[in-house]
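Alright, structures below, take your time with them.
Each of the next two complexes has chain A plus one other chain: chain B in the first, chain C in the second.
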Partner chain A sequence: MPRVWSGAAVLVVVLALCLVLPQLYANQFLFFDLMVYLALAQGVNILYGFTGYLPFGYVGFFGTGAYGMSLAVLKLHLPPVPAVLAGGVAAVVLGLVLAPLLRLSGAYFAIASLAASQAVYYVVANPSLTGVTRGPYGISLARVYHPSQSYLVMVGVLGLTLAAVLYLRRSRRGMVLQAIRDDPQSAAMAGVNVVRERVLAWLASALIAGLVGGVFAWQISVFYPATVFDLSTSIMAIVFTLFGGTGTLLGPVLGVTVLFGLYNVIGVSEPQYFQLIYGALIVLLVLFLPGGAASLLKRRGIDVL
Partner chain B sequence: MLVYALTAGVLFGLFYSLVGLGLNLVFGVLRMVNLAHGQFVMLGGFAAYLAYVRLGWHPLVTMVVAAALFLGIGYLLYPLFAPRLAASTDPEMISLVFFFGVAEMIQALAVIGFGNNQRSIYAPVFGAAPVRLLGERFPAAWVVSGGVSLLALLAVYLYLYRSRLGYATRAVMASREEALVSGLSVGRISALAFGIGLALAAAGGVLSPFLLGGVNPGVGVGLTMTAFAVVVLGSLGNPLGTVLGGLIYGVSLMLMQSYLSEWTNLLPYLLLLVVLLVRPSGLLGRGVRHA
Partner chain C sequence: MSCEPILRVRDLVKRFGGFRALDGVDLDLNPGEVVGLVGPNGSGKTTLINVVSGIYRADAGSIRLGEREIGKLPPHRVAALGLNRTFQVPKPFRSLTVRQNLEVAWRHRRRPGPGVREALEFVDLASLAEREAGTLNTAQQKLLDLGRALVAAPQVLLVDELGAGLGPSELELVADRLRRVAEAGTALLVVEHLMGFLGRLTRRVVVLNAGAQIFAGDLAAAAADRQVVEVFLGEGH
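What follows is the complex of A and B.
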């Protein structure tokens, strides 16, 4: 089977499962959250797996998307779907504002992006801005609440995200990004526009988080700044990605399925035990299996998408 | 009000210098960002609380004991993780992720062990009467904390600039390879530096309940960010710069609290972003990609 077709098959299977499973096990919120993390993990993957920038503050784009969508509904009276797009646009605008962060290397970038997400959070939640963002009092979108429609839109956003990663796995652009990650000087020598490619990957990953945040806001419809700017959202997306294996399509899918499942078994009532487990997982992965679970298969000669 | 804000800023600044110095020392010697630094500070805070409530220890006694204990722990832990991380493809990034995992574990264990509640210590343990400084009255705990931080900073200065081991430590900071070639036992010096970094975190942590109003398992992330802001302000890898960074941070914090209190939460993050973006050369050029 040609490799492009096997990728498309993965995409179709994942989306079909997301559509069918809620009919078999009636817990739509669970599957919605699963899709949120599938998409966010792939967003982290696009940035970290393909360019080597680790965005600790990825949740900043998610929260910005949620607020962009909500304000588009409340202030501009847009219907929900265009409002979700507005959320994506808001996240891309934030990405453009923060693009200079890409000048920083490794650890500096990771920490600066965390600082940026916290700064956005404290601005949005600030009591002085109650007139604009409703400050710490949160948002209510009860008027447009429609869980089954927002579920379908989420399936669409997830499909878009998986297609984007598939494209990067199989295209010249994905190879270019990985070349930049591994050796920016040589890539620049080979005629690659390093800055443009990095910024594009950064904005794509911001767009994904913004769209996901927008649909998330629509789905839960009542939320506080702390809900959508919760650092543990970035942290879980990063851990899922690292666990599955970065730079692949299937790695993050695997990581989310296994760890999000684990989270739902033990994490919801006793989050500290789950936090302990994934903290230990990261430490062990970094020390003994830096390539994630996918590298176990690669080592046996199986090509992971 | 201005004199009050400036003086309180210096007292808090000395404390933040102490918290930042441990992070900077570890970065300077190991070339690794200890993302769990704030969590170690948090453990120091809980040590002060538990020793005071259960054993009746004075916080300054706890401080000495906790610092010695963390020094030992750091020294013994170093060989378990550092050589493996240093041998990986991208030590800077991999070690960041590693310490991030450590931070998550410490925070989870703190919630399991101590609960999620905010704990505070009866403040007059340092003397009930406020202390007069420059015509303003300050809580005794602030003045004592500032003074103790200053003593700890002096001790680190004497170690780094007036002792054989400190001389060797600075050699490793300047160039790990050349220090190895000159026959210094880089591994032992680095283990000691990591231990001292944790000891400084614990020492600062013991003071933290008095300056920050209490301690809970969630304060670690914010403290790591603040420490990083302080360190970057001064310049990474330069211990004296951290003291300057801490003082600037403390004074701006107090000025914000006096004149723009609603926006105080933003300060460490904005300061960090502005410094990183506007003056990355303040990082001795190490923070910038060359391509």
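What follows is the complex of A and C.
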């Protein structure tokens, strides 16, 4: 079977499961969160897996999307779906503002992106901006609350995200991004505009987080700044991606399914232990299993697409 | 050669902090000409290549490729205008196949040149086309570096210690290929410690010491030059 088709098959199966499982096991919130992490992990995957930048502040785009969506509903009176798109656009705008961070390398980028996300958080939560963002008092979208519609839109956003990763795995642009990750100097000498390609990957992953944040806001409809700018969201998305394996379609899906599953089985009562374990996991994975679980499958000849 | 130099470097200065790694370097390359660049470790040979290819920005001086000043251009623009290089420590795209390594360059080429297949055969890697580049040995990675540079169809090619670590038959291959590239009209700057290898390519050498040129002329004359000899003997002490 050509790999494009097996990739498309994975996409269809994941989306079908997301639609069917809540009917069998009536916990829509759980599956919604699962989709949130599936999409965020693929967003991290696009940036890290294809360019080598690890965005610890990734949640900044998620929170910006959530607030962009909410303000579009509350101030511009947009219907929810266009408001979600507005959330995505808001995250892309933030991505453009933060694009100069891509000049930094390695740990400096990771820390700077984390600091930037905290800066956005403090601006949004600032009491003197209560008139605009409602500051620390949070957002209520009760008027547009619609859990089943927002669930469906989330399935759509996830589908889009998986399709984007599939495209990158199969296309010329994906090959170029992988070349940049392997060696930016060689890529430049091969004629690649390294800065432009990185910025595009950065904006694509910002867009994904923004859209996901927007649908998330719609789904829960009442939230505080700390809810949508929670650093552990970044950490989890990064751990899931690294655990599963970057630069592939199936790796992050695998990582989210296994670790998010574990988290919900045993971690909900003792979340602090999980943060500790996940922190340690990041270090161990980067050092000893950079290809993640997917690389173990690959070694056994299993195609991880 | 009677024609205009294709590469003209004047008064090039590169500082790292307070340290002047390049301290006013001049260099001319004519089309089809091979110039050897020698000098002790740390004399600035790799830095010169990094600055000329746009990887580093010069602090002063000018670099002209044909009619164009390229000193302030990013490396992908320099490559597009026809200047390319290999790396002292080869830098393949490790997770891509050998063929894909050249495809990246081929898809971004701005000048008519060899195809991927042709370039792979030229550097003797056709039989490894589907191998992941990270699994190649150093010699093969160096040839891949050369192949990647050639796909961009350079007018000027800067080669950084391509011979180091190669066996006799690989050296033979590389010397032959570089000669053929020069015969086709590309100007070559060849950084090399192996004088025998260099002697098969050219008579004209430039000797660098502490970021400045101390000799330019015939290879044999360089070996007889007092200052050059001192610099090279001093290296061991």
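Rule of thumb we're sticking to: the second predicted complex is superposed on the first by the 294 of 305 C-alpha atoms of A that agree within 3 Å, B and C clash if a C-alpha of one lies under 4 Å from a C-alpha of the other, contacts with A are read in each partner's own complex, and residues count from 1 in each chain.
The rule is simple: contacts are C-beta pairs under 8 Å (C-beta built on N, C-alpha and C of every residue); 3 or more make two chains touch, one makes a residue touch a chain.
Keep in mind the model is a prediction, meaning the values are calculated, not measured.
In this superposed model built on chain A, chain B and chain C occupy separate space and fit side by side. Judged by the touch definition given at the top, the superposed model places A:G191 against chain C, while chain B stays out of reach.
When the shared chain is aligned, chain B comes close enough to touch A:L104, but chain C does not. Contacts of A:V123 after superposition on the shared chain: chain B is touched, whereas chain C is not. The superposition of the two structures on chain A yields an angle of 70 degrees at the Cα centre of chain A, opening toward chain B and chain C, reported in steps of 10.
By the touch criterion defined above, A:A115 reaches chain B but does not reach chain C.
Judged by the touch definition given at the top, the superposed model places A:Q178 against chain C, while chain B stays out of reach.
Using the contact criterion defined above for the overlaid structures, shared-chain residue A:A8 touches neither chain B nor chain C, since it reaches no partner. In the superposed three-chain model, the partner touching more residues of chain A is B, compared with the other of chain B and chain C.
The superposed arrangement places chain B and chain C with a least CA-CA distance of 6 Å.
Overlap of the chain B and chain C contact sets on chain A: residues 185, 187-188, 194. Note for the complex: chain B touches chain A at residues 33, 35, 81, 84-85, 88-90, 92-94, 96-98, 100-109, 111-112, 221, 225, 228-229, 262-263, 265-266, 268-270, 272-273, 276-277, 280, 283, 287-291.
By the touch criterion given at the top, residues 53-55, 74-76, 79-80, 84-85, 87, 91-96, 100-101, 103-105, 107-110, 145, 148-149, 151-152 of chain C touch chain A in their complex.
Against chain B, the residues of chain A that register as touching in their complex are 52, 54, 56, 100-101, 103-108, 110-112, 114-116, 118-119, 122-123, 126-128, 184-185, 187-188, 194, 231, 235, 242, 272-273, 275-276, 278-283, 285-287, 290. Here chain A touches chain C in the complex through residues 172, 175-176, 178-179, 181-183, 185-195, 247, going by the rule given at the top.
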